[in-house]
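To keep things simple, chains are lettered A, B, C and D as they appear, and every chain counts its residues starting from 1.
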Amino acid sequence: MLLESLRRQVLHANQEIARRGLAPHTFGNASGIDRGGSEPLVVIKPSGVDYTAMTPADLVVTNLDGKIVEGSLRPSSDLDTHTLLYREFPEIGGIVHTHSEFATSWAQAGRPIPCLGTTHADYFHGPVPVTEPLTAEEVTEAYVRNTGAVIVRRFRSGNLSPVAVPGVLVAGHAPFAWGKTPAEAVEHADVLEYIARLAFRSILLQASESGIPPYVSEHHYLRKHGPKATYGQAKHG
Amino acid sequence: MLLESLRRQVLHANQEIARRGLAPHTFGNASGIDRGGSEPLVVIKPSGVDYTAMTPADLVVTNLDGKIVEGSLRPSSDLDTHTLLYREFPEIGGIVHTHSEFATSWAQAGRPIPCLGTTHADYFHGPVPVTEPLTAEEVTEAYVRNTGAVIVRRFRSGNLSPVAVPGVLVAGHAPFAWGKTPAEAVEHADVLEYIARLAFRSILLQASESGIPPYVSEHHYLRKHGPKATYGQAKHG
Amino acid sequence: MLLESLRRQVLHANQEIARRGLAPHTFGNASGIDRGGSEPLVVIKPSGVDYTAMTPADLVVTNLDGKIVEGSLRPSSDLDTHTLLYREFPEIGGIVHTHSEFATSWAQAGRPIPCLGTTHADYFHGPVPVTEPLTAEEVTEAYVRNTGAVIVRRFRSGNLSPVAVPGVLVAGHAPFAWGKTPAEAVEHADVLEYIARLAFRSILLQASESGIPPYVSEHHYLRKHGPKATYGQAKHG
Amino acid sequence: MLLESLRRQVLHANQEIARRGLAPHTFGNASGIDRGGSEPLVVIKPSGVDYTAMTPADLVVTNLDGKIVEGSLRPSSDLDTHTLLYREFPEIGGIVHTHSEFATSWAQAGRPIPCLGTTHADYFHGPVPVTEPLTAEEVTEAYVRNTGAVIVRRFRSGNLSPVAVPGVLVAGHAPFAWGKTPAEAVEHADVLEYIARLAFRSILLQASESGIPPYVSEHHYLRKHGPKATYGQAKHG
């Protein structure tokens, strides 16, 4: 079996989606990529299989064109979004798609999540962006792949880095998050939901959308990402 | 005992109402119909019996006029709504009535739930409709049956299909959902609550009521219901 | 030990307050009354004792003047509210005070909960009333007893029946609920919290405060309380 | 090992932060101080260690300048806020920092929590204050220590007592709470979250920001803190 370790990581990330309540039913999926071989290979959740029953062998291995390399089940219906993001964002090693409730509510409102606090600033550099809706042509031509395309377009037009901004809201749909590994991707998906909850309530309390002062958000961002990162044994605390 | 398999399905659907938290106390009920015999027969929850203690033998079997065919307990007080819906919507095989919190909050506000996202579009074709209030005459004449009547009237006047729109909000009361089977009905009741939660928060975030573009909602609807349904092994993922 | 059966009922009601999450910490209390002896006797929770460790023997028995008849612990600090309500509302046999979150939020807003739906109508005849604030003199003179006095005054001035309206919001404080027994009182406290949650969300969705048509609320009220009550084996379903 | 008893108290307070859901991930920390020795000593959570795996020996002992006296792990990254508060507020013996969701939402909105009810009044004398944002100079110079400095400045300028007001919202960040002991600090952090939830909902229901009458809040404050405190065996009930 190819990529046993990555399969276990991807399975664990899929289970974490369920355990953390980030997606009802089977509305969610995680994948990982191995960029070290002769050809980059993606490991992704099969479509419609219950998380609790899933084993590493159920996962599907594809190449970056979505061609199945190993696996008897059909891959997640969102595969083409994942592969496009891996092609365009070479820095990332894992992707998680959820329908977590508050992040999805912001996505449905078509609003970016403003940076209203330091937890946001620790993880996301600036607002969590929201894509444009897909055009009718994009839906007809290749809906799933073009879901990835509108994400990438948003990052290119906004000059955003997928390392500094490890997630996005797809307008009228739901969030995607990513990271260096599948585990980091699911952590970012979880934090995204947490800051979406906080921001929802702060906005209802009339928080200014301008958010915290830039010198505060920069300070938080740099203490995690800068050359002089100061965080504890492992992370914030 | 008549209809043992359907009894088990209906019992399970009633238990799922409780397990998924869709109705506090005993405010909820599920039924199923067998249309295959000489006379269509409905299996429904008895009134006021705790879900945890219920067995298949406690369920009540009636005909489509609500006459008890088998069972010693009194059927759910909502029986006449169920039988009317089965008479008018021959496509459906199971009905679930809940008092799930967010769907009920929309019902109490008398507002349809706009289609703000793709999860909604996967399950409901267009907004989740809300009925008119019953008239004073309808309440006096036959309150429970006429609760079914206002549902059917809403579907007829809006030219809605109970297959495309598997649920409704009864104004000032609560939701009903249905499906091909009792299990599908409870799944639809659960998804209805989920999209009601999302839409509540999106509307508070000033989402436009016009919702997602029609070409997106059509795409989602058709990939589940169209002739070229593309979903995974089982469902979305 | 006096009143063993009532002690067990009151203990159970106090435990239900905790189990249903109606009061954080020890912010809550339940009592019951035995009106059958030579002198009416009240059984009430002791002050500040953890629910999980409480036994029937810990409960305190007082007369309607609040004099301790049996018990070594100090009675709940809200005793004088309970005794006043028992004196003024001879129809009731149990009282529950909670700080349940949504009902308390309405109490803090000083707003009655409008009757927006049928679940409300099944349990409360008209809006859940809210008291006036206590005056400075009432606070100074006898704060706890006068908390009962403002409740009674609200019922007298509004010509409300404690049977038809089994609970109230004390402005700036929290709800009280009651019933024929301690068990019914805790059920009413639980339903009050449920309808407070629904109404909160419906009002944010711009529900009209006028609520459901009176002929609907009357129908629901009468099917539970009228001479031709039609409910199931036990209750709604 | 120094301060075994205080280490156990601080460990327990950190575990309570997690058990009560007051901080996701490891976003939270508790400390305690022993002022009885030749030099006051602070016991604080190490940075980034999972609560479930923590033992008393993992905790870090420092003096009031933040110098490590015992411990091999790095102390919480918020240490300098704790030590500054212990230096400036000699009445307090324990500090808890959380990212609890509703209190943090108020902090992000930059709004004090008005005193809308008696539970608030039992614990906090007047509104829960919110700090000014740190200036750019304060962030650059010593971000963590100056987080303590803006808290102290807020208390000095408002003539607030840390005994009467056992917590604060740091604007754009999250709450800090304190008490005579680490256990009391975590209780205050928990109550702060509870009153933040209530106030959020009451404000959305258009509660007046002026809150309950001063004679009511004074009465509640004094029955817990005044010379004639009347509360039960242990606390409110």
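Assume a contact is a pair of C-beta atoms (placed from the backbone, for glycine too) under 8 Å apart; a residue touches a chain by one contact, two chains touch by 3 or more.
None of the values given here were measured: they were computed from a predicted structure.
Two copies of one sequence, subunit C and subunit D, touch each other mainly through non-matching residues, since under half of the numbers at the interface are common to both. A rotation of 90 degrees, rounded to a multiple of 5, brings the CA atoms of subunit B into register with those of subunit C.
With centres defined by CA atoms alone, the chain at the far end from subunit C is A. If you average the CA atoms of subunit A and of subunit B, the two centres end up 34 Å from each other. Taking each chain's centre as the mean of its C-alpha atoms, subunit A lies 48 Å from subunit C. Counting partners per residue, subunit C has 204 as the residues that reach two or more other chains.
Pairs of chains that satisfy the touch definition comprise A-B, A-D, B-C, C-D.
For subunit C in complex with subunit D, the residues that touch the partner chain are 24-29, 45-49, 73-74, 76-78, 99, 101-102, 104-111, 133-134, 136, 139-140, 143, 172-174, 200, 203-204. If you check the complex, the residues on subunit D that touch subunit C are 116-119, 187, 190-191, 194, 197-199, 201-202, 204-208, 211-213, 215-216, 219, 230-237.
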